[in-house]
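Listed after this line are the structures, all set down as structure tokens.
Presented sequentially are two complexes of subunit A, the first with subunit B as partner and the second with subunit C.
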Partner chain A sequence: MMDNTKNIHINKLPVRTWNKLKMNEASIELGPKPSQALYKDEIPSGVDRVSGKAIGPMSDIPVNTGLGEEFDAYVTDMGIKSVGYITEDGVEADAPLYISYGGVRHGKEDEPATDDKIGLIDFTVGEKSSLTVIQDIADDDSRGAYTFVLQNKYHIAEGGSLTLIQVNRLGKEVCLCNDIGGYVADGGKFSLIQVILGGGVNYYGSNTGLTGNGSGVSIDVAYSLDGEASLDMNYVVDHRGRNSESNIGVSGVMKGSSKKLFRGTIDFHKGCAGAKGAEIEDVLLIDDTIVNQTIPLILCDEEDVEGSHGATIGRLDEHLLTYMKSRGISEKDAYVLMERAKIDAVAGKIEDDRIKGIIRTCMGDEPEAEV
Partner chain B sequence: MSELLNIKGLKAGIEEKEILHGVDLNVGEGEVHVIMGPNGAGKSTLGSVIIGDPGYEITGGSISFDGEDITGEDTDKIVKKGLFLTFQNPIEISGITLSNFIKTALELHTGERIKLWDFKKKLKETMEVLQMDPSYADRDLNVGFSGGEKKKAEILQLLMLRPKLAILDETDSGLDVDAVHVVSKGVEEYKKQVGGALLIITHSTRILEALKVDRTHVLVDGRIVAEGDAGLIEEINRDGFERFLTA
Partner chain C sequence: MKEKTQVDDIDRSLYDFRFEDKDAYKVKEGLTEAIVKQISDEKSDPDWMREFRLKALKIYNETDVPDWGPSLEGLDIDNIVTYVRPNTERMHTSWEDVPEDIKDTFDRLGIPQAERKSLAGVGAQYDSELVYHNIKDDVAKQGVIYTDIESALRGEYGDMIREHFMKAVPPTDHKFAALHGAVWSGGSFVYVPAGVHLDIPLQSYFRLNAKGAGQFEHTLIIVDEGAYLHFIEGCSAPKYNVANLHAGCVELYIGKNATLRYSTIENWSKNMYNLNTKRAIVEEGGKIEWVSGSFGSHISYLYPMSVLNGKGARAEFTGVTFAGEGQNLDTGTKVVHNAEDTSSYINTRSISKSGGISTFRSSVIIAKEAHGSKSAVSCESLMVDDISRSDTIPAMDIRCADVDVGHEAKIGRISDETVFYLMSRGLSEEEARALIVRGFADNVSKELPLEYAVEMNNLISLEMKGSIG
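Right, the complex of A and B next:
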């Protein structure tokens, strides 16, 4: 079996840094033929499901993805058809498109499947259309270690908006390769919300091409890493349109011997005058045995732009701890509370009660009560 | 009244600078004590040291609460015995709602899980007493709150946590007349519902108007220089602290 695996490089930085830091890229061995991931979808009115590439015919611009070219080539070589979802022009979907990978059986009743899975999805959002997609990334009937390859590509037409919400609650032995890429036309908006509560080895990548004038992207990521869990991230925004805007916010908590590498690149290409981009990272470190790496990158080939990055990395502020303790909350409990706060801050941006309930359940909360 | 808080010869300071130079103070169950004094006298330091703020070092004396020596204990352990301090400038905590913060604190005080419905009902009723907009329950703790709302949030916690002794540190400072009235009403409610003791640190007297004060202490330069009944408050209102400064 090992002979058939393929070693590929993913999450490459657009510009390499000192090699010794081992932050330029990640490498991963992927199996030769993962099976198609099964899923359930709930499609709101105004959205059509099609088989095969949905975004291909709509643009000649190639879609770059966060995990990168080698990964995209690997996915293409699989010859697996993607599932496409399309909204026509001027359509505002009346409910989220809900795609769930949890609770779907692959194998026979008494034979949990352990083979690798792949899911490929394309979204096309028409002019002045609006679509929210929720992906509940959970284990199906699989147990133990397997790799889940998930790739989402999108095209957002003029004035359209796509919100992609992903909640990862996979088992701790699962490796998730979560790849996203697409482009946004004039006045379009892409919002990405990712809540990472599961998975043992996680590779996350997103590449947004802001090709249109006045286009925008906002990325909000919250994660909680414990034990031996790892998270390798690569978020890239290519500013090409004038007055395009990007905001990347990544926030998380690290415990145990967990590892995290955040790469965030804002690339101002020539011609994107008036563009603004900001990236901010907030990491709460609980144990001394974690490995935390960060590499923010702002590339600039245009003069009239604004780019910024900032990071808050460390332990809790003494004043905050004293205030918490004054209410009977010990230091240990304060860290637990702040961990939840970081997840809640991102989950609070989600308007769908069902997925918010799933997140709360994962965090050990009771259901909401009305008084 | 049996003794609740007993402070003997307390010396404490910060970064090798002694601020309290041997404070003696006794507060009985259900009593209302007032600590008055000019700016920089050490009033807030006293409140912080009582609850074990690690920012201060105790260099002498002792503090006992409800018969137990709490000198040098961790703050969270001290307050779980039934102590509470309102902060002059309550900290803002992003991501934790007022409701969630109080529920967590309550559960850690009682050691029991509290039913969400019961908690929300009690919280709503208490917020009504303090004329707080119910939406504040779901807002991040103190984030974007006005000065008055922050002080109300402190009193809300007092009413929900129901301590045996509450130390109110300048709770009425920076508030307009209406806000002082509401906060005072909350403090009255605490006396009525819980019957706990109060140690009120102030250099104003507006918050005291509706309370029966048992004892007044004047703190100057880290020492209690005068003690008396409620009549001492009237004297200070009239003549200021000058007599004590030159004493």
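Right, the complex of A and C next:
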């Protein structure tokens, strides 16, 4: 039988470093024919769904994505139509656009389906419009091992605002390729909140083009990795507009034999005078069998900018641990509390109670009783 | 409209003099087995070293040029002369015996004066050969060995050198380590016996005078248990319109509870490809302190590496890189924590001006066994104008939970408010900016002996000298 899988390189660093570190890129084998991912959406008023590319105003400009060119070419080759969501100028959606992949079956209820699937979504946010999107990325554990390719592209017009919230609660045998890319025009804002509680092998990438003056992006990622789970990330912010601003915050907990690689790049291009960019990473390490890799880049081709990066990696601070013990909290419970605190800190930025409840349930809380 | 400071190129006249090398002995340009054998014959290598060179040549030919870092397209090994012996037959222990033009070179660079005033010993290399080596009697009486590595290799320290030579930096490490293994020539050997504390430093100075030549000196230092040494390395060359190459190798072995401070002020000319490799192996309780100032060369790949093999071993790296017009300086450091309770502290500053490119590149690796280890990395970059570039590429690989790793990086420009304040106190804008940059780089200057700190500050002032427009 012929093997039609394709090996491609993804999550490439914008600037390479020593090959021995094995951080320059990741490689992945992808199947030849993933099927269209099924989903349910709840569309608020003011938002229209269209078939095919929704990104109209900038359709002649290729959108760079975090997973990169080879991945984008693979997605294009699949010939799957994207689903588009559009808000017209001056529209503030009255509720989040809710897109759920959980509980939507491809085959029969009791039949494990292991076919790979793909979901492509485009967002266009009009001038001075505002849209919040929640993607609940879930499936049933019984479905077995498969690869889920999810790609979101966006264009945010002048003064527009897009908040994309993603919660990953996939099964441990699933490979998720989660690719994001788009542009932000003058005064626009893109907010990305990602909570990663599931998936066995996770590839996350995001590329934000801050093309507009005064445009901005904030990225908040929280993850909890256990067992053999892995998370390979590549977040890139291209500062091109004057006075553009970026903030990347990544926080997580690593247990068991989990592996994580965080690539974060703030790229100040010539002409982005007055731009500011900051990255912060905070990793709590629990077990000695983890592999934690980090490579935060600041690339600077413009004089009048401010860029910074900070990272704190390791066990709990001795003083904090002592304090908690003095309050009757065991070391084990202290780590559980801190793990919870890292997820809550990011989840707390979400205003939607439904998805917050789902996160709490994933973290082991009892579901709240309906009143 | 905001005014900009126009920064002149550096005045390198202090370093940019040259002498004709018509009487020097040279091998042909390029790199072949015949040339490697010719160098080996010149050196009267023992058999093992001859074989080592030929194996390294094979590795060189099989290894790719790095696909990361600054472009090396302008470097063609077929145009490089890998061995140039100046017109002097042997290494001298008195400056009076050194040929006049070579002595004049080191006089201008201030080496004999420094030796008299503040050094315990000096080595001076001119092109491919050491031309002068001396150590103070009282230091020698303590058992300290400071000599040229080639005579040591053939003499009573031959076994010790064979045991350590290119063991920390094997030729398989990268293409230019292999090149070094094939054509190395000159360099110093230092051994500090257990318990000996040298209060004043030793210094080696490397001068590359010949046009289109390469310099491949090997420095091997062994600091035995509980000993202390400060070793200073300086280097310069006149500027030519063809590429010169420096692919030296520094191997440092630091014994139990020993300390080595290794200071470098690198000021190669702007046609130089500086592809140097430095590595320290540190045993239990030992410490390596790197102090590094990179000011010269056209292209640099320079990342001193510390391998912390013993419990409680420590590494400190303090560095400044100043990239001006026509320079692409890719510098930084690497640390590998292989044992419990090891610690590393990295503190660097990068300055870019007049279209120069500076890149800070680092890696901190903490192995599974390195419980209780700590690492802190701080790198700051300063952009002096809007035509330069500065990149920061730090990597961390941690495979043990019981660690404490911190990293911080900042990039920015000279604050207008600070310049304005200093000008209100009577400084010109040029003086104010030079003062700010000198202060920015004081992490290194305050770690150097006074004479070298003054030299470094003078270099910065020269770099910053320019008209205000």
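FYI, the second predicted complex is superposed on the first by the 355 of 371 C-alpha atoms of A that agree within 3 Å, B and C clash if a C-alpha of one lies under 4 Å from a C-alpha of the other, contacts with A are read in each partner's own complex, and residues count from 1 in each chain.
Keep this in mind: a contact is a pair of C-beta atoms (placed from the backbone, for glycine too) under 8 Å apart; a residue touches a chain by one contact, two chains touch by 3 or more.
Since we're looking at a predicted model, the values are computed, not measured.
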| request: With everything superposed onto subunit A, say whether subunit B and subunit C fit together or clash. | output: fit
| request: Once the structures are superposed on A, label A:315 by its partner contacts, choosing first (subunit B), second (subunit C), both or neither. | output: second
| query | Once the shared chain is lined up, is A:218 touching subunit B (first), subunit C (second), both, or neither of them? | reply | neither
| Which chain makes contact with more of the residues of subunit A, subunit B or else subunit C? | C
| query | Between subunit B (first) and subunit C (second), which, if any, makes contact with A:328: first, second, both or neither? | reply | first
| Which holds for A:35: it touches subunit B only (first), subunit C only (second), both, or neither? | neither
| message | Is A:342 touching anything from subunit B or subunit C once the two structures are fitted on A? First, second, both or neither. | response | first
| message | If we overlay the two complexes on their shared chain A, which of subunit B and subunit C does A:191 touch? Say first, second, both or neither. | response | neither
| What is the angle, as a multiple of 10 degrees, that the CA centres of subunit B and subunit C span when seen from the CA centre of subunit A? | 80
| task | Report for A:291: first if it touches subunit B alone, second if subunit C alone, otherwise both or neither. | result | second
| query | A:302 contacts which: subunit B (first), subunit C (second), both, neither? | reply | second
| So after superposition, what is the minimum Cα distance from subunit B to subunit C, given in Å? | 17
| query | Quick one: in the complex, what on subunit A touches subunit B? | reply | 318-320, 322-331, 333, 337-338, 340-342, 344-345, 366-369, 371
| Residues of subunit A that touch subunit C when the two form their complex | 15-19, 21, 23-24, 254, 268, 270, 285-288, 290-315
| remark: Residue positions on subunit B within touch of subunit A in the complex are 51-55, 74-76, 79-80, 84-85, 87, 90-91, 93-97, 100-101, 104-105, 108-109, 116-117, 120-121, 124, 157, 161
| field | subunit C to subunit A touching residues, read off their complex | value | 67-68, 361, 363, 368, 371, 381, 383-386, 388-413
